[in-house]
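Structure in structure tokens, see below.
Labels run A, B, C and D following the written order; every chain starts at residue 1.
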Amino acid sequence: MSDALQIKNITVNYGGFIALNQVNLQIDAHTTLGLVGESGSGKSTLAKVVAGLVTPDEGEVRFSEQVLRKRRTRMQHKAIQMVFQNPDASLNPKHTVRQILSEGLLFHHIVPRSQLMDRCRELLALVHLDEDALVRYPYAFSGGQRQRIAIARAISVEPNLLIADEPTSALDVSVQLSVLELLHRLKEKLNLTMLFISHDMGVINAVCDTVAVMRQGRIIEVSPKEQFFLHPKADYSYQLLSAVPRMPIFNR
Amino acid sequence: MMSMSTILEINQLSLATTNKKQLVTDVSLAVGKGKTIGIVGESGSGKSLTLRAIIQLLPPTIIKVGGTIRCESSCAMIFQDPVSALDPLCPVVRQVAEVVSYRQHLSRKTSRTKALELLALLGLPEDLKRNDRYPHQLSGGQRQRVLIAIALACRPGILLCDEPTTALDVTVQKQILELLAKLQRELNFALVFVTHNLAIASALCTKLYVMKEGRIVEQGRTQDILANPQHAYTKMLIDSVLHLPDLKGVIAGE
Amino acid sequence: MKMHMLNKRRIFRKGILSNRAAGHTAATVSISILSALLKAMATVACIIVAVFFIIRIVPGDPVKMILGEHASPSEIIQMRHSLGLDLPLGQQFVRFLHHLFMYGDTGTSIIYNVSTRTLIAERTPVTLLLIVMAIAITIVVAVLLAMIAATHKDGLVDHLIRIFPTITLGMPVFWVGLLLILVFGVWLHWFPVGGTSGGLFGTLYSLTLPAITVAFSQIPSLVRSLRAQLLDVLGSDFVVTLKAAGIPNRVILFRHVLRNASIPTLMLLGVNVSYLIGGTLVIEQVFGLKGIGSLLFSAISSRDFPVIQGIALYCAVAVVLINLFIEILSGYLDPRLKGDD
Amino acid sequence: MLLLLVSLAVFAPLISRYQPAAQNLADILRPSSANHWLGTDQLGRDLFTRLIYAARTDLRIMILAEILPFCTGIFLGMLAGYYGKWIDALVTLMTNTLIAFPFYLIVIVVAFASGAGERGIYITFALVGWIVFARVVKGLSASLRKQEWVASAKVLGLPDSRILLFHILPNVLPQAIVVLMTDMVGLLVAIVTLGYLGIGIAPPTPDWGTMISEGQTFIYSKWWLSTIPGFAVVYTGIALSLIGDGLADLWRRK
């Protein structure tokens, strides 16, 4: 299987503080890589580099064999999309849902103007939101619903790679479950490759195929999920896993 | 059920906003001396409001409309967001010393030494004695320890914790939880632990209260609730905790 | 000479580039003060350039403006020479800078034929006193009102204080002056109506009314900002922590809350200082005080360019110095500002 | 409130029978009487008519002088806030320099330099007026830049120009309009002050400022000659700032 995404010794430093230090990573097409690490480990910075929001000081990012430079082509912009953590900051408060969804559709000419409305309705259906949401403003939605709209916007341009930067951390437990299921279903349906970032081991275990652990800007372990959760290679990974409070499971 | 050792008892507590919007209705709970109870619920379930009612620190727009709160001894509280819970312009040791001097009526000098002892007890670095540091120069975990020091300075019989570890990394969270358990064993204060994370609550608390939209939907000993939850909402909470395969790998030099 | 600064042009260019000096890591106190200093110098450099060009923006020939329409050509040439307007622009600028550093002023006054520095220096005490008093009154009253409003939220006092700025915003400074003269001077005879009677106490006494007038124009915006900041800080978590720890409200308010709230308001004061000085100039006209303001107006009516340039320069530099002082003070008050900007 | 004022100003010629400059030496300095609602001034001109005509001139200048600074201020503010680095430094430098000169000083100097009359006011305000907008908008755009919906727009590949126009501008405009209201009041006060100092609008055309300065000489006996135009300014000031506050609340809720 061709590697969808290659990250070659990426280094980023913010005035002396080294956020990313010679990071090498690749994600196979149509698989989900979970990126785990504590706050300040650089996982979000790496996501921003891949999404093109941050230009690395060294190294390069390659997506399906094309090098992603600072000024990306329209196709490259279309191919990689991102969903963010904070539901109340992920949507423009002054735009209606219709405007939010149609911006990508129009800019990348996904559908002609005539079919714009149907496409928006389809997108909302995909994320289990009903049509009358189109005319409403973001403040009228709950955190979970807003993340769904953000996801709808991301997939509106039919990307190949979806980056999710802690999409459910700010949500309540019950809502979190439904959003994760949505992401899982979309991944299957649209055959997406996904880079999933979280500090919550439970979420990573539920969503990802392979797991990468980051600490102070370095990747210290990459292993398939099954192997990672049973006997992790790195000492730090073991520490991380043992620190997670476990719930005693009773046979109900 | 009012046994001698109950140190805090609330019955039929109801809270509402000034424009009559009901927030908390008929909440009753009790904590034995030195015991730990957990209040579990999602955001907006009124759990932290109940805590604030216990320590009479309700925001001006929310008033008590019913029920009674009886605490045997003084209470102290620690909060979720260590970043904004400390005065950014006042050095850390001075803040703790200030609390010590007011609560334990000691002179400025002795309260400073007392404060340093407390901070040492909580495992904060020694160099605080020499150069006092500002909150923004400490890590999240260290700031939370300072908050605990401030709470302990009031020599509380009851320590109220409003999701103290939610904003922390998982490794730091483990240290803080262990610290709290250790301190409770030593100082024998009662602990009321509010969280949305069922896993933490079940590890720490002997008794659990599950809250939804301002009401207690289920309560009882932790094992009983986890073994056979009665209320549908509790079942949903338990099922939505993403379980992890138990760790088998043995790491050399563990 | 007061103004023996380094050559500003070099600093001017360096000022912009290096004020990003405050890096993340161990940025000591000095770096942020250094960057504040550099910004101030860069601003002063621009001010000097701006002051120099004041004459140039005059549409039509400044000399004709000075001598009036019917001046004879010889007089015009002579005046043009004395003002150095006949030299190429570059040379004029160098001469202007040279003169500025040597004598610390902007040439000699056409009317009084005295160097602008002495002329202005002679008039400064009155204006300076007025400004200091006005600032003092503004701060005292603003802090008082804001504290009351913030602590008694939505009380009668609070509503009054919220409406108060809306009304006073529209009051021109000189009109307020007139009103105060009318009420206190004419009807109640508490205060003299104009001029400054002799002796320190005398001048102070006669300056109180104008000072109040100037302060009156600054108080509303300051109160509104301080009140908003106080409410914001009162709502923050650390106040709850302190209350939970049993610290008396009075202590929390003064030692913690006021200090946190003061910094943004201090910045606002810095910004308002220039309006304040502007107001003072106008008020001197209303109260007939012999300060820089009246000097400016006489210079205006007599088309005395160097004096106008001199006043503009001094006021602007004064404002920059005050803002510099405030920036350093707030850096001292709030350690976070010193560290990473 | 403002509507009443504006309508008065616009329909002035219809309302008052007198020409503003018509001097009627017979009844000089009359107190308010039947045919002269507000009495007459020292040249016997009807105060009320002058007041309304003055409103026309002052308000017109106020609005016209605001347009250019409002647009440049927002434009520069957005660029400085959004792009930061060198544009930010340049704009800050410009604002610091221009704000250092006391506003009235510049107004007076430019008014004198460009000859009395409206032109001076327009030039000055175009030169200095944009600062207050730039300052507010810069702060807002800098914080908006960090918002995630702006980041996702960038990820979508939208060019900065589109982001600025469709995402930043609509979120910055409401706040800028609120500032516009308060700033207009400041401008009106400046126009009137200039009139008072005699270097603003030339005497024949009525202006509140000149009316006040003319009335000043009779302050002892006919105090209302000066005070009434002042009230007119205050009235407009209140109307404008009320609109400003109203808009601020409206947008805050949405």
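The rule is short, and it goes like this: a residue touches a chain if its C-beta (ideal position, glycine included) is under 8 Å from a C-beta of that chain, and two chains touch if they have at least 3 such contacts.
This structure is a prediction, so every number in the text was calculated from the model and none was measured.
*Asks:* Once the contact rule is applied, which chains count as partners of both chain A and chain C?
*Replies:* B, D
*Asks:* If I rank B-C and C-D by number of C-beta contact pairs, which comes first?
*Replies:* C-D
*Asks:* So which chain is the furthest away from chain B, centre to centre on CA atoms?
*Replies:* Checked the centroid distances; the maximum from chain B is D.
*Asks:* Find the geometric centre of each of chain B and chain D from their Cα atoms only, then give the gap between the two centres in Å, rounded to an integer.
*Replies:* Chain B and chain D have C-alpha centres separated by 55 Å.
*Asks:* List the centre-to-centre spacing of chain B and chain C in whole Å, with centres computed as mean CA coordinates.
*Replies:* Chain centroid spacing, chain B to chain C, equals 51 Å.
*Asks:* Between chain C and chain D, what distance separates the C-alpha centroids? Give it in angstrom.
*Replies:* So the centre of chain C lies 21 Å away from the centre of chain D.
*Asks:* Please report how many Å separate the Cα centroid of chain A from that of chain B, as a whole number.
*Replies:* Comparing mean C-alpha positions, chain B is 33 Å from chain A.
*Asks:* For chain B, which residues are shared contacts with two or more other chains?
*Replies:* In chain B, nothing touches at least two other chains.
*Asks:* Residue numbers in chain A touching 2 or more other chains?
*Replies:* none
*Asks:* Please set out, as single numbers or ranges, the residues of chain D touching at least two other chains.
*Replies:* none
*Asks:* Could you list, by residue number, the parts of chain D that touch chain A in their complex?
*Replies:* 147-149, 151-158, 162, 166-167, 170-171, 254
*Asks:* So in the complex, which bits of chain C are touching chain D?
*Replies:* Result: residues 15-16, 19-20, 39, 42-43, 46-47, 50, 54, 57-59, 165-167, 169-175, 178-179, 181-182, 186, 271, 274-275, 277-279, 281-282, 285, 296-297, 300, 308, 311-312, 315-317, 319-320, 323 of chain C touch chain D.
*Asks:* Please give the residue numbers of chain A that touch chain D in the complex, ascending.
*Replies:* Those residues of chain A that touch chain D are 48, 51-53, 72, 74, 77-78, 80-86, 89-95, 103-104, 107-108, 137, 139, 150, 153-154, 157.
*Asks:* Spell out the residues on chain D that touch chain C in their complex, using ranges where they run on.
*Replies:* So the residues of chain D touching chain C come out as 85-86, 89-90, 92-94, 96-106, 108-110, 112-115, 182, 185-186, 188-189, 192-193, 196-197, 199, 209, 212, 216, 219-220, 223, 226-227, 230, 233-238, 240-242, 245.
*Asks:* Which chain A residues qualify as touching chain B in the complex?
*Replies:* Residues of chain A touching chain B: 38-39, 172-174, 176-177, 199-203, 205-206, 229-232, 235, 238-250, 252.
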